[in-house]
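Below are structures written as structure tokens.
Here subunit A shows up in two complexes: once beside subunit B, once beside subunit C.
Let's turn to the complex of A and B:
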């Protein structure tokens, strides 16, 4: 209440005045990136970073604000991607229905959200490691189901030639349009998470995370809040999944195989799950390691086939020095800088 | 603020296209190969064999120095396309050698269409669709596909063994269907009859139900499974009595199965299989190649003799070097001359001469092997025959082959093939 009364007397600053300098720099760098990097970096490195970042963001939302570590997010993303292939166009003419984009994109998001919600409804009654187990089990089941089912998911081969629609005369699979498309989606998802985290729903969810019994006593429906969190996270994962299938132009069971599921967890943990920017940092680190580690090994005259070792060492280093991810490192650095600001008095400010 | 700006600008400068395009006096080969997952060992052998081919050519092709870049995949099509894009856009390679497995091949066919100025020479992937359905102009395959690898075996078991009625157990995915189709087409046209077909999921460990349901009144059982699936099947088949003859698909009697522990594999003795190579092939070209392979790498760092994957990548590298020599390394004009040189005349390989058809798919030799006791408690493959000039349509006309349909659980229709000729 005190905050609101203060607001009446002090003039509210414009919304953009509240955004600090690092964010302006980041925005400028991201927006002008096509000018100074090549197509490969734009499409492959940055595009993939945004996509994986979005899927990991949906996991971060559940884990960071809801206290539920869900491994189903990659499967939800793949479900969105599969639905785009099934309801839209692909190389598998017998299965794909060829609807127009304004129909199949919403359908894909809705179906993926329903899938995520059902899994959530099953998982919310469990806690901690059991949530991880049940979502991992469903993710494994999803992988094997898509691999065996030929009538809907086209089994082992999956779908190829799944490309974004030609909208407004732009080929969205060209590096620059795709870069801005994925950047735009990532920013929207990021802002949505920031907004929801401060909205009454998000605050109640964090309350549920910290003390479900007290929240229930206060009259909040704990289960409903958790299931709704799954639904919201599924929408974000589905958007990431749709972009992923467009970027690869194809989807197959391996897209949501167990390694891919674990990769999302690694990305979220390495980046840090305390704030929504963490998953994007984690995704960038993951993509850079994934893409360039064979080259680094070769540069040192080592055999490129051991590249997984380098990836593993990279992640191990991050987790060893900072159990709460890169964000934790940043926070500690900030805290140390704040402490050392006044050397004369020795005070903390 | 200023520091942050300087930092971000310098990061940007680092990200600038690091790898410049290949210089005029070098030609860059990208080796797209699986180095993770089930085929990692075979993939590493692929890389070795490309090195061997380059070494034999003195590191030069068409007067240019050969450089290689390795792009590792994990056999999923997603990773394959990413790595191929990295090879083309970041490393600036001229030619891609690869990929290794079937679904990767299909993904590369589609990717190849987006890079019309570059050329892709298949490593060892064997999906029929890669060069049969909507093939890419710049995708060349010098190895036979999964269906071709099955050819010749059907005639052999009918004519030589006198096995006319078989039940089949094969893996329920594209390679299983394709490899089975090659066998079935040949077998049915030679007068054989397929009594019943069973499809088992890839990676399944319990075959009890299938084994119990196998009919008794058959001459042999065709097994189109490989690796650990094959070992599991043989174990359980042994426990159930192991009475009937076996016929193996291409991956049934490879080294992983023959060198496995336990006696279950003994059920394989006398089993004919067909595939791309025969280890004891008496052809001097093959002998020479095996000797070169054994000499080039120390014993701990290679297989006793080149693997299927290794031979595939070797032939691909050979084709690239041969064509580059023919055109003096002239890759100008979107590599048009290079592609012509690849397509025109038959290539002499350790596996015999290979020629390409209008889909840029190889026509070549299939080897029939039989599993025998090697006298030291182990098993070995012995070559018992070969089928030469096996083409993409397995000796049928294009219309007949198209009418039969793409490989699936129910294709080919055995009765229709037997009556049709």
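Let's turn to the complex of A and C:
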């Protein structure tokens, strides 16, 4: 009773009052970015950051909230991308059906979600390392299948000339429109994950992560909950995959090859899987390294191809010094700052 | 304060089913070659309060695990409120009004006290898969807060479970078992490790439960067990050894030799 009365007397803050200053700054920076950076940064750096961030976000949702490390997310994204090419238009007129965007986009998301759900249904019966292995095996199978299948996936060459629809007279593949498109999708996916994490579904998923046995003893169907988490994550991965195929204007088996699958894992781990912002931080670091380290390497007389080595070393460093990624580093730094500011709270935080 | 919500609904359900909350027939559970419980036949009526006693390794916890569906029994049948639930998954049994606490706390360490109790309330109601956050005045949130208060954890409602003391975790265990409309509860050594004051509190909570709620309590502390139970089952080596009223058990020669003498009392 006391609780309800309290709610009446104490003025509830508006939702935007709860957003802290750093988020306002970030929003301002992201919204005004096209004014002060060039098209290359917009399209190649930020576009890729949002896309890879979304796909890694779907992995973070499963790993961070569900305790399930799934390596299938890149394949689910690619499935979404392939379906856009197959049901929409591409350079492969014999296969592509040329449906309009309001049909092929939902179809692509639904098919990718079904694919992710089926993989989830197979994977949720395993735990830990076995989940990683079974999802990796299916990801590998998906790669080889798309490479060998010519009737649907057009085998080795895949699909080219897959571009976004000319909606509202805008060419969405131009750097600035694409920047805002991918930013909008990334923000929506991010907010969806933040919101769902505190909804009964997300809370129950965290319960399943912490203690599946107790969840069953509270009346939850743990298996169904895990599978549903795969479905939700697949929708996010599929949106990322659709943007990815538009960004590349093409899709081929290599899009979801094993290196790409591992890249998503690296991005999620480097960023940190404890909060949904982590994957985007990881994606930005990855894309910056990928984009600029070849120049740096060549300045030192090394082959530009070696940027993977840098990324691998960065991955090792992070895993070694901060298993919870850059987010973990940040949290510990904040905690230390808070402690040094106030000697009274010098204890454990 | 009422600890248990919607007693009328639970009473209604209770009157439909048979008079027995729990009926075990020849339940056996093997772990490899070891039979943790053998041929256990046991009936507990609706609303009955039973204590299960027995030395370490007697099979008491295993009995609970079979009843809740944490483990499937190797053989035998289990009926809950007249319904054969032997092959039901745990969550189906819980949704029928069964609850339990664990001997070693099984909580959600990454979540707060309030979230733990909210999950318990959500698990036995609809909307388990809801993607919509509960409103501020959501009935289940209010209900969860009442349960948190009933076990004296209001001050810690926003604390992560990992940061609670042992005694507080034990109290949270009890709150989780009281969520929703329980009809029959299995308490696995709820008093273990509690201070005398906390024990008295526990006894008060148990005695304050509405009459239609039956339970089985595993308890080594005879003082607690005899104050909260009207009948007693003794287990030994995985078998039921004696059943009777607390007085009969206390005065039984064999029981005294076997159990009360070995330092548990």
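The rule is simple: the second predicted complex is superposed on the first by the 331 of 349 C-alpha atoms of A that agree within 3 Å, B and C clash if a C-alpha of one lies under 4 Å from a C-alpha of the other, contacts with A are read in each partner's own complex, and residues count from 1 in each chain.
Note that contacts are C-beta pairs under 8 Å (C-beta built on N, C-alpha and C of every residue); 3 or more make two chains touch, one makes a residue touch a chain.
Predicted, not measured: the structure shown is a model, and the values here were computed from it.
> Once the shared chain is lined up, is A:168 touching subunit B (first), subunit C (second), both, or neither of them?
In the superposed model, A:168 contacts neither subunit B nor subunit C.
> With both complexes overlaid on chain A, does A:216 touch subunit B (first), subunit C (second), both or neither?
second
> Once the shared chain is lined up, is A:307 touching subunit B (first), subunit C (second), both, or neither of them?
Only subunit B; A:307 stays clear of subunit C.
> When the two structures are overlaid on chain A, which partner does A:203 contact: first (subunit B), second (subunit C), both, or neither?
second
> Would you mind checking which one, subunit B or subunit C, touches more residues on subunit A?
Of the two chains, more subunit A residues are contacted by B.
> State whether A:38 touches subunit B only (first), subunit C only (second), both chains, or neither.
first
> After superposition on the shared chain, which partner residues are touched by A:25: those of subunit B (first), subunit C (second), both, or neither?
First partner only, subunit B.
> First (subunit B), second (subunit C), both or neither: which does A:298 touch?
first
> What does subunit C use to touch subunit A in their complex?
Interface residues on the subunit C side: 68-70, 89-91, 94-95, 100, 102, 106-111, 115, 118-120, 122-124, 127-134, 136-137, 142, 145, 176, 179-180.
> Please give the residue numbers of subunit A that touch subunit B in the complex, ascending.
21-22, 25, 29, 33, 36-41, 43-44, 48, 91, 144, 147-148, 155-158, 160-161, 248-252, 254-255, 257, 259, 291, 294, 298, 304-305, 307-308
> Report the residues of subunit A in contact with subunit C in the complex, numbered from low to high.
Checking each residue of subunit A against subunit C gives 3-4, 7, 12, 195-196, 198-201, 203-204, 206-207, 209-211, 213-222, 224-225, 228.
> In the complex formed with subunit A, which residues of subunit B make contact?
1, 4-5, 8, 12-13, 15-17, 35-36, 40, 43-44, 47, 70-72, 74-78, 81-82, 85-86, 89-90, 103, 106-107, 110-111, 134, 172-174, 201-202
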